[in-house]
Amino acid sequence: MPDKMTDLIEELALANRILAHEGVLDAFGHVSARHPTDPGRYLLSHSRSPLLIEPDDILEYTLDSEPVKPPKVHLYAERVIHGCIYQARSDVMAVVHHHAAAVMPFCIAGKPIVPVFHLGAAMGEAAPFWDQHDEFGDTNLLVVKQEEGHSLARALARHSAVLMNRHGATVVGGGLKELVSRSIFMCQNAEYQLHALTLGTPEPLHRGEVKLAGTLSLLPNVVTRTWEYWSVRLEAAGGMPPRRSSAKAARRPVPKTARVTPRERRKGRRR
Amino acid sequence: MPDKMTDLIEELALANRILAHEGVLDAFGHVSARHPTDPGRYLLSHSRSPLLIEPDDILEYTLDSEPVKPPKVHLYAERVIHGCIYQARSDVMAVVHHHAAAVMPFCIAGKPIVPVFHLGAAMGEAAPFWDQHDEFGDTNLLVVKQEEGHSLARALARHSAVLMNRHGATVVGGGLKELVSRSIFMCQNAEYQLHALTLGTPEPLHRGEVKLAGTLSLLPNVVTRTWEYWSVRLEAAGGMPPRRSSAKAARRPVPKTARVTPRERRKGRRR
Amino acid sequence: MPDKMTDLIEELALANRILAHEGVLDAFGHVSARHPTDPGRYLLSHSRSPLLIEPDDILEYTLDSEPVKPPKVHLYAERVIHGCIYQARSDVMAVVHHHAAAVMPFCIAGKPIVPVFHLGAAMGEAAPFWDQHDEFGDTNLLVVKQEEGHSLARALARHSAVLMNRHGATVVGGGLKELVSRSIFMCQNAEYQLHALTLGTPEPLHRGEVKLAGTLSLLPNVVTRTWEYWSVRLEAAGGMPPRRSSAKAARRPVPKTARVTPRERRKGRRR
Amino acid sequence: MPDKMTDLIEELALANRILAHEGVLDAFGHVSARHPTDPGRYLLSHSRSPLLIEPDDILEYTLDSEPVKPPKVHLYAERVIHGCIYQARSDVMAVVHHHAAAVMPFCIAGKPIVPVFHLGAAMGEAAPFWDQHDEFGDTNLLVVKQEEGHSLARALARHSAVLMNRHGATVVGGGLKELVSRSIFMCQNAEYQLHALTLGTPEPLHRGEVKLAGTLSLLPNVVTRTWEYWSVRLEAAGGMPPRRSSAKAARRPVPKTARVTPRERRKGRRR
């Protein structure tokens, strides 16, 4: 059990950094994962920019978004996004909230992102919109109250993503790797859709194509390929520092290559 | 007192480099801070590109933009921008003048930047325009005369930023950290607003939202998060060289990590 | 003979990395070369992101896209693209399938890319479109069946490239270096064509110009110049790891510079 | 005299690399300087990508674009651009021909670049167009014949730059530093002008402003600032390798910092 937890925490820290390095997250945004054995809890960093998150930053929360242990550090103001979605969607194992540059024009113009290339189908047919102003009037647009989180979760419904007017997007997945690839491909899709508008009217995928192409990014050979690619790119840009909490690790620093993938580790290779 | 001054000078040099590294400043542009104890003076580098500025480059000026000590180096031609604004606005503790790529299309087309996402509210309702030609006719567009500086300060009025036609923008803040985040978020806002126009008509924030979201970037956990993020990104790209003026520092070079944040320093970590 | 094969495999791995580093390929896409002595076979990596491909990753396939030796690793699902084109086009010695950001808006809007600058003429008059849905109805858009590959090859016909609606592009060449420069220049051409549309109606090259400029990138001094440039850029970003399969290489690691060009090697220079 | 020549050759190599690093040049394009003492000759590299050019690559040419010493390497096909302009314009001391991404949309759409911000005035009122097809019919668009070079020089006339339809641009200067800043600011101007079109009709500078702002980039404190900035950015990306031709240099490798500016050199600082 401890290994399962350790692995998930490492993967969660890595998912934060990959999404930051690939341009989905910036100074803001956060990624969570449901607890591996207790579905009534989830894992999320304390308040820190996702590019910098390390395993030791990850804390455990109840689904009311209360930290299980009294925190000594600032927490993300918007963690109810995560808790409320985990309450509403038992199938969801990972959540990311972001303000990616690629989706912001759509969140601002109120125009839907639709899948326009096969990998974009990872987002499903279309992402609904949620405007915090509709139900809550003037706010600072942060989703901080339980009722705001529940409202957002209702707008998400059974979809894979929800666009938040004048704010950003929230994306969910059946696991961290699905979440990472869905978020990245949805951003690529948004960028291509925007540029295609300069040329004419984009042709979205046919309905049947969306369904069939929607699971492409979950194919084992695709997951292996994308995870290695994003990990190695991150590694080349600095990667993950050695864990501070492990005295053993401190004495024998983990080589950088060990941070990438089991495949990388086996070969002891590094770029 | 010397420590307060030393800290501010270090922060000012860092602010210059962060804004250059994040794409707000390029070969040009300059950042100043009001003197920490004498409101009748301000601190600004001699003429140098902001990415390269070190604490030793920072000089002290009167509000007439005269250097307190006779300079041995070139000064920025446009320092009256800073002096005239510090004269007109006792609440302003930091000023940046820039030609960021994100704002230039608006300065050229004469179209207003309006807050279109929550962090963009840091710029306030809207930035006024100032066209140097209106009052001064044909010039080289540099703001070099006292009367030009005063005219710009009048156009800025109580706003947080002013757009300068065919030239750039000037942004003010209650402190360096507010100034840095306001400038970065205003550029992001401009970029998103421009791209949203390809999709349709951008929906700006509601008036009440602008007011409430306008102080988001000043929340302590946000300031901590963004400053660490921008500092670590800068550090990864080369950071700040060790101070030349301190013999002690020269003998015991400050570790790179010490340049980031107190939190970083405590942990002795570095990316 | 072994040397000819070794050289081609090294060049193929390098072509993958160059095209990834120059933004034609990303997590996806793949490059193949026809076998140097047996026209009934071709060389292609196992399933791996092209930026990471090493000579040891390259496998040999029949033109039915079956691996010659039983594979121990995942293969690209879409390798029939390569096999079917090599069957149909005896003049083709190299093939790349990609989803470059520059071509995606055209694949989505269904608008043709036409040569708008002299180097863009490397793609020929115009690239035809192929919509998998026309013949095969709803699919996941991957080209995995022999009949899908043959259909794509028919659409390509005698052209140098074919655009695949809502998917990407496939480009062919008389050799790897021709393929690499054609793919890069076609992407530049697409990007410039898109931006020119903001200004007005792009003027494509005259027919006679396309014919005359179409072979520019094959001029010996151009090939030398571009290959050195792309190789050195790749090298500066990490380059190619030393070969694992050669015990000798493992004992005496090949210097990074040796990975670039014979010219580079001669001078022992490195950036 | 040898020192003057050595300095110019070093500056010319650096100008090539700076313009490549700042995105004006890519695999193609070339920069020349008139001979420091013999106005009937000019200096230009042999055929090599500008990012890679070293002082040892620079050769001497007559104004007929013939190499003074028989060359052992490929030469640029388009060197008549340089020779013909030096013949026609005794005031021109440096020439660059490029295909920068920023100007290509204008060269393709046939729409003029006009100065829209103060630094953009470095290009003058407007750059004329030259279409090789008008006079020479179908060609591969390379400017290789003396009559093509003379025709281009006639189109340039007394201007600072000429746009070449479906090809690129040629820019001239009274010296290398003027040429470098003019080329970079003209590209920034083109990019801002293009983006401003999404917002509305760009307001170009007033005529008098163009004249007054046109010399801004030649102010001593501006030249110092921009040259240090571009040099340090280049240095951070790899800089210039030590000279191969000097045995002394080979024994005592020149420190990287010595490649930047005299100011840098004095301080022995490096980023």
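In this document, chain identifiers A, B, C and D correspond to the written order of the chains, with residue numbering beginning at 1 in each.
Please note the rule applied: contacts are C-beta pairs under 8 Å (C-beta built on N, C-alpha and C of every residue); 3 or more make two chains touch, one makes a residue touch a chain.
Because the structure is predicted, anything quoted here is derived from the model rather than measured.
Chemist: Chains touching subunit B and subunit C alike, please list them.
Modeler: A, D
Chemist: So which chains count as neighbours of both subunit A and subunit B?
Modeler: none
Chemist: Rounded to a multiple of 5, how large is the rotation, in degrees, that superposes the C-alpha trace of subunit C on subunit D?
Modeler: Rotating subunit C by 90 degrees superposes it on subunit D.
Chemist: Using C-alpha centres only, name the chain that sits farthest from subunit A.
Modeler: D
Chemist: Check the residue numbers that subunit B and subunit D use where they touch, and answer same if over half are used by both copies, otherwise different.
Modeler: Different, since most residue numbers here occur in only one copy.
Chemist: Quick check: how many Å separate the C-alpha centres of subunit A and subunit C?
Modeler: 32
Chemist: Report, in whole Å, the distance between the mean C-alpha point of subunit A and the mean C-alpha point of subunit D.
Modeler: Inter-chain centre distance comes to 45 Å.
Chemist: Could you tell me which residues belong to subunit A and also touch two or more other chains?
Modeler: 197-198
Chemist: Any two chains that touch count here, so list every such pair.
Modeler: Touching chain pairs, listed by label, are A-B, A-C, B-D, C-D.
Chemist: Spell out the part of subunit B that touches subunit D in their complex, as residue ranges.
Modeler: So the residues of subunit B touching subunit D come out as 26-28, 47-49, 51-52, 74-75, 77, 99, 101, 104-111, 133, 137-142, 165-168, 194, 197-198, 237-238, 241, 244.
Chemist: Please give the residue numbers of subunit C that touch subunit D in the complex, ascending.
Modeler: Answer in residue numbers: 116-119, 121, 188, 191-193, 195-209, 211-213, 215-216, 219-221, 224-226, 228-230, 232-233, 236, 267, 269-271.
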